[in-house]
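Two complexes come next, and they have one chain in common, subunit A, joined by subunit B in the first and subunit C in the second.
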Partner chain A sequence: MKLTHFFASATAVVALTAGAAVAEPAIIYDLGGKFDKSFNEAAYTGAQRWANETGGKYLEIELSSEAQREQALRRFAERGANPIITTGFAMADPVNEVSADYPDTTFVNIDGWIPEIPSNVAMIAFEEHTGSYLVGMMAAMKSESGTVGFIGGMDVPLIRHFGCGYAQGVKAVNPDATIIANMTGTTPTAWNDPVKGGELAKAQIAQGADVVYAAAGGTGVGVLQAAADEGVYSIGVDKNQNHLHPGSVLTSMLKRVDVAVYDSLKAGDALTGGSMQVLGLAEDGVGYAMDENNASLVSDEMKAAVEAAKAKIISGEIEVTAYYTNDSCPVLDF
Partner chain B sequence: MDRLPQWADVFLIPLISVLIAFAISGLVIVGIGEDPVVAVQTMISGALGSTYGWGYTLYYATNFIFTGLAVSVAFHARLFNIGGEGQALLGGLGVALVCLAVDWPHWLVALPVAMIAGALFGAAWAAVPAYLQAKRGSHIVITTIMFNFIAAALLNYVLVNHLKPPRAQDPSSARFPSGTNLPTFQDMFSTAETTLFRGAPVNITFFIALIACLLVWLLIWRTKLGYQIRSYGQSEPAAIYAGISPVRITMIAMLISGGLAGMMAINNVMGEAEKLVLNAVEGAGFIGIAVALMGRNHPVGVILAGFLFGFLVQGGAELQFTTSIPRDLIVVIQALVILFTGALDNMVRIPLAKLFTRKGGA
Partner chain C sequence: MDLETLLQVLDSTIRLATPLLLACLAGLFSERAGIFDIGLEGKMLAAAFFSGAVAYTTGTVWLGLLAGIAASLTLSGIHGLASITFRGNQLISGVAINFLASGMTVVIAEDWFRQGGRTPSLVGDARFKPIELPLSGIDIPLIGPIYTDLISGHTILVYLALLLVPASWWLLYRTRFGLRLRAVGENPAAVDTAGINVTGLRFAAVGICGVLCGIAGAYLATALQAGFVKEMSAGRGFIALAALIFAKWRPWHALVACLLFGLLQALSLRPDVVTAMTSFDVPVQLLDALPYILTVVILAGFVGKAIPPRAGGEPYVKEQ
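Showing the complex of A and B:
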């Protein structure tokens, strides 16, 4: 009992001194976990880069229950952490709720959406549909069968957003192309089920797909593997996955969560909220990956066509419809 | 097997099992280079050292009590209901539909209706496997597990296509109107000077869970129906000979079980989240199995075991906040507790029984 008491007062002292010291930033990883080979891991990569460059330290937690969302935000805010970076759309609502109680703390949310953004909340969104549009174009140009595949993780609006942009890109090149779209599942395990991802990819390949785009977190590893085994092309997601199967991974749709986290950490106390920052092609927030692993797969005309489309999207000449606009996709049914 | 005194069976065996589980967990913590003493202190002070910690511990315990009771009731009829997860998900849907349907004037009006809806949806989800078991002999373990997946798919469909507010990224329902917000312990017990249970999600549902425990005890041990359920569970041929209908008992036991699992939703959906999220149940249905197993299918045991698992979840969260012990370790501790209290029960029981008979004989 005495020990517990001692410990309790010791933490109180630590908490007090921590509050007085220079604020450390904090990162809250969503339920998928820090090492999900995808979205959360990209956030971790960005944070590590900042820590290595500046020698700074940051607090972090991997959530393990829904009730911990608010709990973690409050705990870090009370410890004086600033800014507090959260990953995933599910954190948007808790951030919105909690931010009013801690006006001196800046909260960052990546991927979320809230109708009215409080002045101490910085929202970061990515234009996944435009990046997916470009890789969709590449898929259609590379496809010989005229049939391409899309494999999503969990069936949530965000993944439909990826698939919808991809489908528009495919149709822009080949209006008669067939797009086979499948979701891996309806539970969070769908983000980390490479076996099922591989099965779905094989099923799509059996139906004639010769390019398969995976937007499915860890599940995508199985999709890329199946495509390499069957001798067709695949497209990776979030980070550059070209190196996983050189010669089979056509390209990767980059979503620079790591850059967003790095920039937020670098801004530190200077970070301001109250607005939504949208990172698209112009900001290099999304894009397609080119490196030595896929250089031989992408012809110069393909590159030229995609670069032209990129410029037109940035200038507004091509408008890619976002799934969120009407909660539906003009060229693809899910 | 040797007989044990009841107190040893009910308290001593689980206690020793838990201690062994913690001892091995301690070794694992040493193995990853952390201090197990600090870890235990962090868990205890984090989960029980403040009203805030208690607020989270009791919140999780409330979930586990409902699902633990659900498994217990079915188990008295020797029906292994693995479908608490799906039944609680559907209960959440029922609660959400009620909360969103009308602009409720006061939670006192909304709560009874939400409770009934949650219980009805949960019971309805248990009814199909129960019917298949009673009439067709389809094994309840298999069908209830499968219904968990169907429930997840159904909820996904409803949330993504119907209940999600337009433009929102998160596949969750809109927030419930404030007339449905249940009073939390913070609202109930804080005084003007001191705030107790600050920010913690524990709410009035905790007391409803305790009442449910009492009602289940009355049902199982003090009513004719409870007697029939137990008789059927002990011996089906004897129950049939006594004029008890297996179909009727299977259906009733599973409906009550599903209803209890569905009622969990007033805690996590109505009380905590105040909206329906995709991942609302997050495994409580499965932990309920461990809770029932450890609690010997008795409401008092279920309360104690539910509390232990609530402690593990909240204590585990505190471990993450203050140390660099990863969240996976808490899963290891939980698994060890389940392993020792459930699967390796006899490892403690047999030596203990020998010890007791030797004492009795001497």
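Showing the complex of A and C:
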């Protein structure tokens, strides 16, 4: 009896260590939730693709409050998860703090910024301004009134970064164009207020805007709806949102969070930190969406012009100013 | 500012004031009967979700409206049970309802639709459509555009909300039920001595509150927007409470307060208009904060005094 008991616990110990040796990666979704039709869902899509292709498994958690950030990181690290992927700029500081206590674990943060990146933290950022530049060009070419709109979610530098690139794209096509830019609010509720988003869109349309670009999370749903109701064009963000209102959504500014997550998972234990990786047009980290829903809206000329600009941005011939450089935008006041 | 811009801002004001007005009247009935209700926000949110979900599933917006009212009434029932029957703390019960609605709507939405806590977009008959009133487009200077752009072209819920103001006034001040309801909020013991059922009256008030919050929520999800998005009430229940204090618990004043707060919200959407009118840059955030600032000013007693119903917040215990 005692002997079997001994063996049983021995196998249990072996099983535990075996589990720890083959480390599972972990993903921490930010407050928007896994199925936000946008940023976090893109991360989920990338993780699912990796799981389907490799048969691998990953741990995951959806944060439901600010207080859980550090706690979730520590719990996954204690369990031996590696790498631990986090989405959203708000996770950057917790990752920075926690990573020092777990030197053998690699942490990944998408969208965040840390002044001095620890050697076991990999930061991934996107050139949202170049992607927004391209959709800005499309907006200006599609606009008949010469007035286009931009509606941001919460007023944070990241969203101004979107708007600034967009404005530069608009001005590149039509230097006389008017850009109306509004932010939904200054608190996190600004990400989930489609009613206010819709009213903002209507106000911009009343001022003559006939293409409206929404970089506003759940609030964007209201913007796209108002644009469809009023018969003008809109531009989606992060994921391909063309299907939401076919014929009204001109295109979507894609931010390939799914690719970033997929690549990180694929690298697995080989992933190295200590640096910031920036995904731009050249890496297909950002771009614009074309599919059957908007094929009839985008003319061949528009496509050709945008593709030419894309090539020039990649080659460095066109330089799109990032909002972060001076914390201001050369062509747009917020 | 030209007439067209003015009409656009006022049009937006009416759309934004309607959910505030409905929620404010809801709070008015409840608080006049002595039941504080900070759960307006939660009830609106639950109603928004269920109206959106049912309107999407059945394709009929009226069924959605009924479902929204039913959801809101259920939460009202819980609030009534906790604070009237079991004499619990009304504020805590209200907070609990807000939390319950905020969590429950997302969980159920995720389970039903798998779209990240939202309902699919509503199309066609699953939405309330703007109504063009007869004679709209009439060609009279000034009156024509005002009638066509401002008064006509809203959804039926907007007109319903506006009609509810005189209806509420009449019910509260010109009927026996209204007199008793107000009395129960001031001095329930006196009402009880007169042989009238205090519990029944308070439940009736909480019920009316539930119905009105249900309409407010349905308006958000099926008229202003085309579907539910998590936390879409975005603090409107609390602004309605502020409007209620601002209006000192009176129906006509509630209309004025809600229109004022709606106007402030509409102006914050048009920084260009504000800049043109004042000729200097007014921060949008200030306009967003003004409803709360005005409420604090009122509460501090600078502009008259806001005295809540005397028995508000107190559970009624017989033979005390």
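Rule of thumb we're sticking to: the second predicted complex is superposed on the first by the 314 of 334 C-alpha atoms of A that agree within 3 Å, B and C clash if a C-alpha of one lies under 4 Å from a C-alpha of the other, contacts with A are read in each partner's own complex, and residues count from 1 in each chain.
The rule is short, and it goes like this: contacts are C-beta pairs under 8 Å (C-beta built on N, C-alpha and C of every residue); 3 or more make two chains touch, one makes a residue touch a chain.
Being a predicted model, the structure only gives us computed values, none of them experimental.
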Fit-or-clash call for subunit B and subunit C when the two complexes are aligned on subunit A: clash
Does subunit B (first) or subunit C (second) touch A:A90, or do both, or does neither? first
If you stack the two complexes on chain A, which partner ends up touching A:G222: first (subunit B), second (subunit C), both, or neither? second
Between subunit B (first) and subunit C (second), which, if any, makes contact with A:V195: first, second, both or neither? second
Tell me which partner A:N109 touches in the superposition: subunit B (first), subunit C (second), both or neither. neither
So, does A:A203 touch the first partner subunit B, the second partner subunit C, both, or neither? second
Regarding the shared-chain residue A:L244, is it in contact with subunit B (first), subunit C (second), both, or neither? second
Is A:T186 in contact with subunit B, with subunit C, with both, or with neither (first, second, both, neither)? both
Pick one for A:D36: touches subunit B only (first), subunit C only (second), both, or neither. second
Could you give the residue numbers on subunit A that contact subunit B in one complex and subunit C in the other? 33, 186
Can you check the complex and tell me which residues of subunit A touch subunit B? 3-4, 7-8, 11, 31, 33, 61-62, 64-68, 70-72, 74-75, 89-90, 92-93, 111-113, 115, 154-158, 186-188, 324, 327
Write out the stretch or stretches of subunit A touching subunit C in their complex. 32-37, 41, 180, 182-183, 185-186, 189, 192-196, 198-200, 202-203, 206-207, 218, 221-222, 225, 244-245
Over in the complex, which subunit C residues touch subunit A? Could you list them? 5, 8, 12, 15-16, 19, 106, 110, 114-118, 121, 220, 224-227, 229-232, 234-235, 265-266, 269-272, 284-285, 288
Can you name the residues of subunit B that touch subunit A in the complex? 38, 41-42, 44-45, 49, 56, 59-60, 149, 152-153, 155-157, 160, 164, 166-172, 175, 199, 201, 268, 272-273, 275, 277-280, 282, 313, 316-317, 320-322, 326-327, 330
